[in-house]
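What follows is a pair of complexes built around chain A, which joins chain B in one and chain C in the other.
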Partner chain A sequence: MDLLRLLGIGRRIANTASGFGKRKSGYGYGSSDCISGNLDNDLKLMLALFTDTPDLNVRPLTIRATGRRAALVYLEGLTDKNSINNDILKPLLQNVEDGCETTSVTVGRLNRMRRWIDIQSAVLQGSSILFVDGAADAQVHGTEGWPQRAIEDPQVETSLKGAHQGFVETLDQNIALIRRYLPHRNLKIKEQRVGRRSDTRICTVYLDDVANMDTLAQIEGRIGKIDIDVIINSGELSELIEDDPYSPFPQILLTERPDTAASQIIQGRFVIVVDRSPSVLVAPVSFASFFQSVDDYSTRWSIATFIRLLRFFALLVAIFLPAFYIAVISFNFELIPLRLLLTIGEYRGIVPISPFLEAIFMELTLEMMREAGVRLPAPVGQTVGIVGGIVIGQAVVQAGLISNIMVIVVAFTAIASFILPNFDMVAAVRLLRFFMMIGAALFGIFGIMIGFMILIAHLISLESFGTPFGSPFAPVRFADWKDTMVRIPLWRMRKRPVSTKPAELDRQVAHRTEGEGK
Partner chain B sequence: MTAARKLLPPLALLLLLTGCFDRLDMEDASMSLVAGIDVEENGKLYQYTSIPIFAKNSKRKSQSYKVQSTSLRQGRGKFDNYTVGVFNGRKIQVLVVSKRLIETEHAWFRFMDVYFRDGRNPITSHVIVFDGPLSQLYEYTPTNQTILPIALLGVVKSTSSRSESVKTTLQELHTQMYEFGQTPAVTEVELKQDLRVKGSALLAHDGRYVASLDPKESALLLILKKKNTRTVGFSFEVPKELVTDPEGSRWISFTAEKIKVKIRTAVKGGRFSFDIRVRMAAGLMEKQFPADIQAEQKRKLEAACTEYVKKEFEKLLDKLRENKVDPIGLGIYARAYHYGDFQKVKDHWGEAFSEADVNVAVDVKITDEGAVK
Partner chain C sequence: MNRYADNSITTLQFIAIITGTQVSFGFIDIPYELHEHAGSDGWISLVIGWLVTTAASLVAIRLMKGYRQGTLLDLLAKYGGRWAGRAVACVLACYFAIFSYDGLIYSTRVIKSRILQETPIFITLFLILIPAYMVARNEVRNIGRYSEFALLASLWIPFIFSFTLRHANWLYLLPVLPEGWGPVFSTVPHTIYYFLGFFASVFLYPYLQKKERAGMAIVIALTLTLLSFLFISIVCFVFLSPDEFGTIYQPAIYLLKTVRLPFLEQVEGMFIVMYLMIFSIAWIPSLYFFSYSVNWTFGRTDPRLPLRLLIGTIIVSSYFYVPDYWQLIRLNKWLSGFGFVVEYVLPLVLLALLSLSKRYRTEVKQA
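So, the complex of A and B:
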C-alpha cells in the first residue's frame, strides 16, 4: 500500500519531467515531492524512479564517524570512479575523529538537495548522491567523470598562426578555454537550461561592461522560449533562435576556436556555449563577419587586406561565374573578345548539350564529389579525388560531352568557394549558385542582374538579434570598414565595431603617431 | 503568407524580363565577322561575309559567302540559306567596302542604316576601304593560318599603333558623316603580296571617295587631329650643307614625342584662316652620316627638321584643300569660334576650307641624340 503510493509519486515525477503539452511549466513540485529522510523509503523511491537502469549503482554503507546508515547512489560511467572511491567512500568508511560526515568527504563541489526532481537530474548529470538515514536532505557530490575527448586542434577552422586548442564537448571546459583569454571579472555567464529530455546547459558568455544589454535580453528571451525535447548540437540551437530561418544565409556564426570566440566577445558580441557541442555560437554578427579569419589579425595587415579582398572577389566568382558563363554563351556571345570567342567556339562546337545542362551537370558533379569527400572515411576519401579528377575532369572532356572551358569554370568556382573561411557561408553560396544559373539560363544577363538585386535586397533586410546583417555596408558605417574589406593596422583600430552597439566603444589608447617608424 | 508576400515584388519584376525567346547558343550561331559590300561592273550590289567554323578537325577555319542583294537585311536572309547555324551580324569586327562602291555609289552610307537601327548589331566594328574587288579579299587565305578577321584587325591595329593610318569605327564614321565641319576618313587596305594597309581614304561629305593618303601623310593628319599615338616617326634627307660628304648618304630618322598642336582661327573678309602651331620633341633614331651633334650643328639640324616637317604639313594641307576635304575637323574649330560665319558655309564646308588660309608653324627640338656619338 505504502509502496504503491510511493510508486505513484515516482511515476508522476517521471511523467512531468518528460511529458509534453499537458502542463506547460513542467517543474511544479510541492513540498511533498521532497525526500522523506527515511533511508529505506528514499532508496525505494529512487529505485522506482530508475527502473531498468542497470548502470545505477546503490552502495549501502554505515558512516564510521557517526554510525548512521547511509547509501551512495550514482550512475556508473557518468562518474569518476577514483573520486568516488577515494574521496567519498574511503573517508566515510574509515574516518573516525569527526562527528560529522560532510567534513570528511574530500570532493570540491558539495550541494544539499531535498527535492526529488533536483536529485534525479543531479544523478543524470553525473553527481553522486549520499542519502543519510534521518537527514532531511541528500548530499550531492560533484563527481562528474563522463567519457570525454582530449583538447585537440580545431578540425574545420584550421589556422596557421592561431592557437591549437579547439572546443570540446564539455561546457565547463569550453568556458574555461574562453576564460583563459579573458581573465576578467566582467566576463559574465548567463546559464539557461533547454530541452525536456536533454536538459542541456546553455551559457551565454559576454563582457557586461562592453556588450549591449538589449541584445542579451533578446538572446536570453529567445533561448528561454524554446520548449523542445532534446538539443543535440549547437547548430540546432542556432536554427531555433536565428532571426530569419528561411534565409539561405547563416545569421549566427559557429566557431570551434576559443581564440575566435574570445576576440568576438571583446568586440561586444555574445558567445553561446551549448553543452555537449564542440562549436559555439557567436551573435550578433554581420555579413562581413563571415569573411574574417583569426589568421587575419596575426599576419601583416597588408597581406591580410589582400586576402580579405580576395575573399570578396571569390564570393562573387563562386556565386556568379557559372551563371555568367551560361548567360554569355547562350545570350550575349558578342561580349566575348574575338580570339576568346574563337577558342571557346572550337570547344563548344563538339559538345552536344546546351550550356545550361552542361553547367548544371558539372556543378552537380562537383557538389556530389565534395559531399562524398566530407562523409567518406579518410582512406576511401582519396579515391574521390582520383575518380573526380580523372573521370570527370579528363574523360568527360575527351569524350566530347563537356567543353574544356566548362571544366575550367567549375574548377575556378570550386577554388573560389574553398577560400571562404566559413563553412556555413560557403553552403549558402553553393545553393545560391544554382538559382543564379537558372536565372541566367532563362533571362541571360538580365536574369543575373535580377538575381543580384534580390540577393542584395535580401541581405540588407536581414537582421541578427536586432543588429542589421548588412552592416557596415548597409547601413553605411564607415568606422567599421576598417575591419571588413580591408584590415587596417591593429594600432589604428581604436574603437570596437559600432554594429554591435557596444556599451564601451574605446578599445585602446593610441600609442603610435602617424609618422613613427618612417 | 508573409513569405509569399515578400516574394511577390521580385516575382513581379520577372514579368518585365525579356524571357528566353532571344536565346541563341553560341555554337548554333553563324557569326559574320567580316561583312563586305561591293558593286560589280554590271552595277549590281554584292554582299560578302566570312564566318568562323567551329570544328576541331576541319582544315578550314572560316568560310566565305557571296550573295547578290540590294540591302544588307535582305542579304542576311540569303546568307542564312547557306549557313549551318543562325546567321547574324552581332559580332561583326570589320566592315569592308570596296573602293569601286564608294567611287560609284555616292550615297553608299545608306546601306549602313541597319547597323544603327537594329540594336543587336555592333557599331564598334572597323570600317575599311579595300582597293580592289572584294572577291579577291574573301578568297585570300592569310599565310599564318589565322582567319581573315584576325588578319585584317591585325594589320589595322599595328599600323594605327604607329599612327600610319586612321582607325575609324562605324560609330566614328557616323559622327564624321553627319558633322558639318569635318569630312570622313577611313583605313584603306589592299592586297599586294599580302594584306597591306595602304593608308587612309578621304571621303567627301556625302561619302564619295576623293583621295588617298599614304602612311606618312596619314601620320601628319593624325597629328593635326590630335589623335596620334605617343610617337610618330619621320625619315628624310638633310640639306647638303649639313654634311661633310655631299655625295654620301644624308638620311636621318627621328621619332616625334610630346607633340603639341595649337589651332587658332580667324575670319578675314569672309575667308577663314587657321594658324596651326606644332611643337614636338625629337628623339634621334638613325643618322647615316658623320656629324657632331653639338651646339651649332644641333641648332642647324633642328632647323632642318623643322623645315622638313613644316613642308610636309604644308603639302598635306594643300592636298586636302585641293580635294576640298577637311578630315582634320578644322570646321569644328571654325564653328566654335566664329559661329555666324560658319553657319553661312556649313553646307559646303569643304569648299570654304579649300579657300581658307592655313599657316603652319613647326618647332622641333632634339631632346635625345641616342646612345652613340
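So, the complex of A and C:
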C-alpha cells in the first residue's frame, strides 16, 4: 500500500498520543485507523509508529497448525519472557492438531483489537500482539512482566503489630492486597486513566453499600478533569484533586499499608490506587484521621487511648512550644513562676542574641538535620547524628551562643513531632511552628493566640470532598469522639464515623452486655 | 432556599453562636454592673432579665415559625414588600455594625490595658480582625463551627475560677433584699445589654437543621448564658466585700490574681489571651449579619465586599480615633437602648403586624 496513507495514519496516531495542541481532536477513528489484515503492511506501519525503539521485538513465524504467516510483537523489557516463549511461541510453532491459532495459546488474558491506537497502547503496557496474515484483528496477549520488587515491610509507616506487607508499584497487586482484607463482592473498583503520556491507571476502591455515592461522584469528577502529561506519583494526584491546594494541611491521607487502607474502606472512605506508586490515597479524611495508627486497634484500648492523648499533646507542643518560649522570654515573663524564670535567666544571661534568633537558628538546624537524615545514604547517615548531637548540641552551648534551655526546647519539639504518625501532617506542623514563632516574636503570647485563632479559622473552613475536615471537633460530632482523642473498646464502636456520611452506619451487633467481665 | 440548606447548622452550633455572643464581654463586666446598681442582690435582677429575654426570644422564634424558608428580611419582603425589608435591613446593618464595633473596641481596650500596653490599638485591631474575617466571609456554617469549638475549648474557665472559691465569704450574699425589690427591678434594664445577641436567631433560623427544636435551643442558649453570668457574679460577690467592689474595675479578671498554678504565675494574663476566642464570638457573627443585611439590601450574595469595607473602615478609623473608656460606656448605654428596640420591641411589633395582616388577608378571602 502506498506510503502516503501509512504516514497519514502514523501522524494521526502520534497526535492522539501526545499533542496538547490538538486537544483530543485526533481521536476521530475511521476505517483506515484499523489494521489492514495484510501482515506486511501492518508490520511496516507498526515499525513506522515505533521508530528508534530497539527494545521492540518483532518475531515473524508461521503457525504450524494452520500454516498461516504471523508475527508476534512486544517490548522486550515489559513482557514476561517465560510466558511468551512457553505459552505463545511454543504452542504456535509446535502444536499440530488444532485448526485454530487462538485455542493453542495458553495465556490467561486474550483480547482482540483492531484499532491502531489500542494496539499501540497495549504494546506499551506490556502486552504482546500477534498479527496473523489475513485476520482482521490482532490478538493481544496479557504477558505483562515488567521489573518489580517483592512485597516488603512498609518503610515509612512501621507498626508493631500490623501486617508486614506494604504496597508495591503495581496497581493490580495493590488491589489484590486490599482485596485480601475485604473479600466481599461489594468491594467495587472504578478505573480511570489519567495522563496523556503516562496513561496512568487510577482505581478508586470502595464498598458500594457503605460509602457515600456523592463523594464518589466528586472524586471521579475531579480525577476526570485532570488533563496532564504524566502522573509519576500518588502525591501528585493528591495535589491535583484536593480541596484547598493553598492549605498547609494535607487533606488526603497517603498510606503504604494495605491494612490501613482496608480499615479506611470499611469506615466508608475511598481508597485511590495509582499505578506505579507504592502509596495509596485515602479520602475523605478529617483532621483526626492523621492521628490514628493501625497499632491503636491492636493494642489494649486503654494504652491506645493514652497514646492518642499523647499525640494530641505532642501536636500542641510541636506547634507552640518554641513560640511560647520566645513569648515568655522576650515578652510575657510575668507568666512563669519566678524560680523557673531565674533558672532560665542564669543560662540566658550569657547568650548574646535575641531569643527569636536563637530559636530560629536552632529550629533551622534541626530541620536541616532532619532533611539530611532523609536524603543521605545510610552509611553516611550516622554522621548526621554525631554532628548534630555533639557539635551542634554541646559545642554551641559551651561556646555560649545558645542557651541550654533552648536546646531542651528544640529537642522536646523534635521528639514531639516524631511521635505524630503521619509524615505529611508533621510537615505541616513544622511549617506552622515558624509562623507561630514569628507571631510570638512580634506580639508575645497575644501573637500566639492570634496564630491559634487563624489556625482554627482555617481548619474549620477546610473540606475534604464535601465532608468537613475539622470534624469531629468543629463541627462537633460527639458520636465520632469514640475514635479520636480516645479509642474506646472495639466492641463499643457500633457505628461507623458519621463524618464520612456512610450509607450504612451500623458496624456490628453488640455481643457484650454492659456489665460483662466485671 | 438551597443557599440555606447547603449551609445548615446544628442545634449545638445555634446555641454556641447565641451564647457566645451574649457571654463574651458580659462575663467580665457583669459583676461590677450588677453590684453597682443592686448590690449583692444583683443576681436576682439577672434572673428576672433572663425571664424577660426568654420571653422576647420566644417571640422572635414564633415570628420566624411563620416563614421557614428565609431570614427575617425575606419574611418582611414577603408580607410587607421589598422596601419594608430594605428599611429594616438598613436598621439592622447599622445595629450589627455598631454591635461588632463596640465588641471589638471593648476587647481591644482590655488587651491593651492588660497585655499589649505599647502596641498601637490599630495594630491590635488589625490582628484580631484577621481570624474574624476568615471566619465571617465563609457563611453561617463556619461561624457555627467556630463558635462551638470556642465554646468547647473554654470549658476550663469555670475550673480556673473555682480556685478562687477558697477565699470565698458566703456571708457577703446576705442580707437578701435589704432595700426591698426596688433596686432589683431597677437593675433589670441594665442586664438587657448583656443579653443582647439572641436576635441572631432570626437570621440563623432558616439555616437550622431541626427547626422544630429552635424554641428549645434558644431557651438552652439563654440558660447557659444565665448560668455563666450567675456563676461569675456570685463568685465575685462572695470574693469581694461590698466596699471593695467600688474600687475594683473588671473584678472577674482581678479575681484571678489570687490563683497561682505551679507552672503559671500570672493566670489572669493567660486568661485574657485565651478568652480572646470567646470575645471573638461577640463580633464575628455580627460582622457576618451586617454583611448579610447589606447584601440583602442590594440583592447580592457574596459577603466579602461589605465585610472588607466595614473591617477596613474600623481599622483605618482606629488609627485616628478610638473611643476612650467613658465614651465606650456611653456607647454601651446607647447600644443597650438601640438593642432593646431592635431585639425586644421589633419582633413583638412585627409579630403583631404579621398576625393582623394574616387576619386581614383571610377576611378578604372570606369576603
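Just so it is clear, the second predicted complex is superposed on the first by the 510 of 518 C-alpha atoms of A that agree within 3 Å, B and C clash if a C-alpha of one lies under 4 Å from a C-alpha of the other, contacts with A are read in each partner's own complex, and residues count from 1 in each chain.
Definition applied: contacts are C-beta pairs under 8 Å (C-beta built on N, C-alpha and C of every residue); 3 or more make two chains touch, one makes a residue touch a chain.
The structure presented is a predicted model; accordingly, all values stated were derived computationally and were not measured.
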*Sticking to the clash and touch definitions up top, decide whether chain B and chain C on chain A clash or fit.*
clash
_Touch test for A:Arg348: chain B only (first), chain C only (second), both, or neither?_
first
*Would you check which partner chain A:Asn85 touches, where first means chain B only, second means chain C only, and both and neither mean what they say?*
neither
*A:Pro337 contacts which: chain B (first), chain C (second), both, neither?*
second
*asked:* Just checking: does A:Gly444 make contact with chain B only, chain C only, both, or neither of them? Give me first, second, both or neither.
replied: both
*Where does A:Pro475 make contact in the superposed view: on chain B (first), on chain C (second), on both, or on neither?*
second
*For A:Ile454, is the partner it touches chain B (first), chain C (second), both, or none of the two (neither)?*
both
*Thinking of the overlay built on chain A, is A:Thr158 touched by chain B (first), by chain C (second), by both, or by neither?*
neither
*Given the superposition on chain A, at which of 129-137, 201-209, 309-317 or 345-353 does chain C overlap chain B?*
129-137
*Same chain A residues contacting chain B and chain C, which ones?*
334, 338, 443-444, 446-447, 450, 453-454, 457
*asked:* Which stretch or stretches of chain A touch chain C in the complex?
replied: 332, 334-338, 340, 443-450, 452-454, 456-458, 460-461, 468, 470, 473-476
_Touching residues on chain C, where the partner in the complex is chain A_ = 10, 12-13, 111, 115-116, 119, 124, 127-128, 130-131, 134-135, 138, 142, 144-146, 148-150, 152, 262-266, 269-270, 273-274, 276-277, 280
*Write out the stretch or stretches of chain B touching chain A in their complex.*
3, 10, 13-14, 17-20, 22-27, 29, 31, 33, 52, 54-56, 90-91, 93, 122, 147, 149-150, 153
*What residues of chain A sit close enough to touch chain B in their complex?*
246, 329-331, 333-334, 338-339, 341-342, 344-346, 348-351, 354-355, 441-444, 446-447, 450, 453-454, 457
